[in-house]
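Quick heads-up: structures coming right below.
In what comes next, subunit A is part of two complexes: it sits with subunit B in the first one and with subunit C in the second one.
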Partner chain A sequence: MLLRSWITFSVIFSLALVLIFVGFLVSASLPFFLDYGLSPIVSSEWYPYEDLYGFLPALVGSAWAIVIALAIALPCGLAAAIVSVEILPQRYHGLINLCIDILAGIPSVVYGLLGIALLLPWLKNNLDLLSGHSLLAAGLLLAVMILPTITRLSQDALRDVDNSYREAASSLGLDWSQRLFSVLLPQAWPGIRSASLLATGRGLGETIAVMLVVGSIDRIPEPWYNLLAPAQTITSRIGREMGEASVGSSQWSALMACGLVLTLCVMLLSILAHAPRKRLARG
Partner chain B sequence: MANRFTQALLIALALPAIAVPLACLLYLLMRGLPGFDSNLFSLNLGESGFGSSQGIMAQVIGSLALSILSCLLALPLAIGLSLYSRLYAGPRSNSVMQHVLTTFQSIPPLVYGLCGLVVFVHLLGWGISLAAGAIVLAMIILPVLTLNTIHALERVPSDYTDAARALGMSPSRVVWHVWRPRAWRSLLTGLFLAVARTLSETAPILFTATVFSGASWPNSLFAPVTSLQTHIFYLAQEAVDENAVARAWSSALVLVTLVAMFSLIAHLLNRRRSHHG
Partner chain C sequence: MVFGCRLYRMLNRIILACILLLPFQFSLAESTISIAGSSTVLPVMSDAAQTYKNDNPSTNITVSGGGSGTGINAVINGIVDIGMTSRQPTEAEWVKLSEKFELIDIARDAVAIAVSKAVIKSGVSSLSLEQIADIYRGKIKNWKDVGGFDEEILVIDKEPSRGTRHVFAEVVLGDAKARAPGASLISGSNNEERSIITRSNQAIGMLSHAWLNDDVRGITLKLDNGDTVSASPEHVLDGSYPIQRSLSLIVAKNRSEALQSFIAFLQSPALVPSIEKNGYLPLN
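Right, the complex of A and B next:
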């Protein structure tokens, strides 16, 4: 009896939390979309004092930051997974896992601090920038932060490949790299794909570290590939301005709308990542 | 030849995954350790320097209070949900639940912070408070904790459950006498990982629970607290004040140590289980 009521309570309470969350997201950002329509999403001016709320600079900034991060973290993480699963003998696995755990365990704000102390001065001196605050800095920091996600999930994907495939490949006379590129990676691909999607979602939602190094200036990179200027991401904008916006103002609901857009993007990525995968036929 | 080359290339590509964490850790120790003086862990709110000379005990307590409170809030719900999934839910509702949980797990913590700001801080009028922050963190950790708990229960061999049910044991007796002894270790592992995870979150408590200065000891659930995470965040931006930067590094080292401690406990519990497995 006790058990039953406890379970019922948990289920109802959790459903209530889900409803509160969804209700909040919609009701807090709805006023904004009712007032301004959907045009802010493609407009590039964000001046709260003049009631101009264009999301484009932050959207472009977020996109650039995550593209840089993936371009670095994906090859590196995948290579780390391959090295740890396919190359190194069992007894070194602990070391790699420890390193990945350290990387995953360092809190976001500490990465921000490391970014300010190491990354910004380095960029400033080597690339002759004003302060180093830039999309490139945000991308590099994000790359480090999503590396553990990519490595771990790719390791799992490689381990999930049935050993019979490895044996079959060897008995067909394929050498190591043929086996890797034509058997193991294709087999592990669905897992690697969802690893990248989840890492993308994680990177898009990362706030504090990005906020500390991106510069928080609402400008679309000019020209579009200029990654060395200070910019803004969705999360850094919310983080910077939420404390200043007054409750119920249009800036407030504009920031909530940013939150809604971010949530929808990340939810979509998560759904894609967990979508039932087409498995290659198992032997 | 081609094999050697591919392997060497892969190892070169993978090197940052090993070098970067070690470098980060070393640098953190190098910058953080010199700041460990007798004053660091005092509760003394120094007169001068806006956070740069005072001890960080208040921040440590605030961080721990937030994360432990949030995990204690989330744990009963997580257990309840996972028991629902294992005892009553059919395959269909199980799959719905799985999808909802993974989706909510992916939502950025910042957005939970916004939700807490709107609902608890303003709508319910709690103000910036320990309670609001703890509930926000609990919402963040609930999906992960539930998935972990379901996983822990799934690992109890189904023979045990079937045998117990065949003996006519009621669900609550099965839970207490069959599942609890087999699953408590994994459950604790999940709990400690959740504490470590909530300790690392900064964005969601920035607007809901913490203030920079003025709060020392959370004497009420509805009082604002200070936390290590947000303390580092504020100090990090005071690049001109060397004391402040040094304090930020020491705080970062303390925070990383706390996170590592909870993760290590989780890891040890997990290892013992698999040995006795």
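Right, the complex of A and C next:
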């Protein structure tokens, strides 16, 4: 009885927290949207002192950083999952999982420090950059940070594929790559997709490591595909400016609006990540 | 087994008691003074806090950074007792500070134009204010245009509300809030700025004079009358170095006894060693 009411309480509490957070973000950023409308989202100038709050540079920066991260982490993470589940014998699984968990457990500020100490000088020297601070640096760091999420969840997705599929594939005489591409990956696809979506959400929300290497300058890369340019992400902007914005000022509600946009993106990704699982369960 | 069970239960109770008593533990500490803001003023205050604590062990003092803008906001919002600032509050900030707070100057400091050691070695010995402004406006992009080597300039700007940024922009760009379209990076604290300049061979930035070292050197300014001045204490004192400012504290006029006693300490000559040790100029 006690346990049951405790569980009920916990569930209601978690739900209430989500609603309170989102409600707060909406109410805190409402003044901003009432004053400026939705045009800041597509405007490119962010100068709080001049009351200009354009979200576009940060949105573009966040998008590029996560695209780079996914482009690297998705193939690597998937490959790691395939190797660890399908190829290596059972007794290595513990070791691999341990490594992945350690990778996931390293605090993001430490990744940021490694980024400053190793990545920035390396980029600077090899690509002949001014300082190394760039979208590429942020993307590379994010790739390492979302790699464990992708690997772990993809492993689960592969393990969930029933053994009868593997047996059927072998008995049909399919070779290893056919088995992988025509049987295992399609079967595990919903899980892999939600892994990437969750990892995207995690990457979008990552702050401190990105803030230390991205350059924090509110400028859209020129040309638009110049990943070697320093830039700004939504998180790095909030991280840099939140402390100095006075509560209730238009800068404050503009930052809250940034937070709201980010939260909505991540929530959407989480919902998308859960959707296919439901459908599977129903079918 | 029974003993183990009892031990376990006892441990649980102790943990529970600790959690429940947590709020009281805070209130038991006799008095706490919290300070936040300018990373330029920070070393002086942590020194002063250390000295003060030696004689007043019952007072706890915490000092953290964040920048002048953060310090001013935190004190307005009641998050800290003392806000450190290395610039004057803006008009909007004054409105919020209103009559309830006062500004206490504790020292003076110069904002140096800091460049990487390699830049000085390449032959750039001094820059005029116009040249620096052109660099920050993006009109001069290469060190060779100001007498140095053929390398692109890494122009480091600061977060807009930082004290150093305000003072620099006011003197060099003509307006404390001016944009700097030539900037290639934004940095935060003095520490962050200094480490970026150290790692680069072609950087220029703005830094409190006290934070210069062998790798990060202050460049001398070429004045309109042809003189060159460095950001040294003498030139701050005689007023010939133009980019200088007061380091100040913002504190509520209505304050507790412990806070009042600490403020009195900060306004006494006892603060002078902390100021001088960190490379700033005492007021008198």
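In the analysis below, the second predicted complex is superposed on the first by the 256 of 283 C-alpha atoms of A that agree within 3 Å, B and C clash if a C-alpha of one lies under 4 Å from a C-alpha of the other, contacts with A are read in each partner's own complex, and residues count from 1 in each chain.
Convention: a contact is a pair of C-beta atoms (placed from the backbone, for glycine too) under 8 Å apart; a residue touches a chain by one contact, two chains touch by 3 or more.
Values in this document were obtained by computation on a predicted structure and should not be read as measured data.
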Quick one: classify A:Val26 as touching subunit B (first), subunit C (second), both or neither.
neither
Counting only touches as set out at the top, which of subunit B and subunit C does A:Ile96 meet: first, second, both, neither?
first
So, A:Pro107: does it touch subunit B (first), subunit C (second), both, or neither?
first
Kindly classify A:Gly77 by the partners it touches after superposition: subunit B alone (first), subunit C alone (second), both, or neither?
first
Check whether A:Leu147 is in contact with subunit B, with subunit C, with both or with neither, and answer first, second, both or neither.
first
Thinking of the overlay built on chain A, is A:Leu127 touched by subunit B (first), by subunit C (second), by both, or by neither?
neither
Looking only at contacts as defined up top, I'd like to know whether subunit B or subunit C touches more of subunit A.
B
Applying the document's definition of touch, where does A:Thr235 land relative to subunit B and subunit C: first, second, both, or neither?
first
Can A:His274 be said to touch subunit B (first), subunit C (second), both, or neither?
first
Is A:Ala16 touching anything from subunit B or subunit C once the two structures are fitted on A? First, second, both or neither.
neither
If I apply the document's touch criterion, which positions on subunit A are contacted by subunit B in one structure and by subunit C in the other?
116, 243, 247
For a test of understanding, state which residues of subunit A touch subunit C in their complex under the given definition.
47-50, 116, 120-121, 124, 130-131, 133, 215-217, 230, 240-241, 243-247, 249
Interfacial residue positions of subunit A with respect to subunit B in the complex:
1-4, 6-7, 9-11, 13-14, 17-18, 20-21, 24-25, 28, 75-77, 79-80, 82-84, 87, 95-96, 99-103, 105-110, 112-114, 116-118, 144, 147, 151, 175-177, 180, 198, 201-202, 204-208, 212, 235, 238-239, 242-243, 247, 255-256, 259, 262-263, 266-267, 269-271, 273-274
Any idea which subunit C residues touch subunit A in the complex?
66-67, 69-70, 73-74, 76-77, 92-93, 96, 152, 154, 157, 159-161, 177, 179, 183-188, 195-196, 199-200, 202-203
Under the definition above, what is the set of subunit B residues touching subunit A in their complex?
2-3, 6-7, 10-11, 13-14, 16-18, 20-22, 24-25, 27-28, 31, 76-77, 79-81, 83-84, 87-88, 99-100, 102-112, 114-115, 117-119, 122, 139, 142, 171-172, 175, 196, 199-203, 206-207, 229-230, 232-233, 236-237, 239, 245, 248-249, 252, 255-256, 259-260, 263
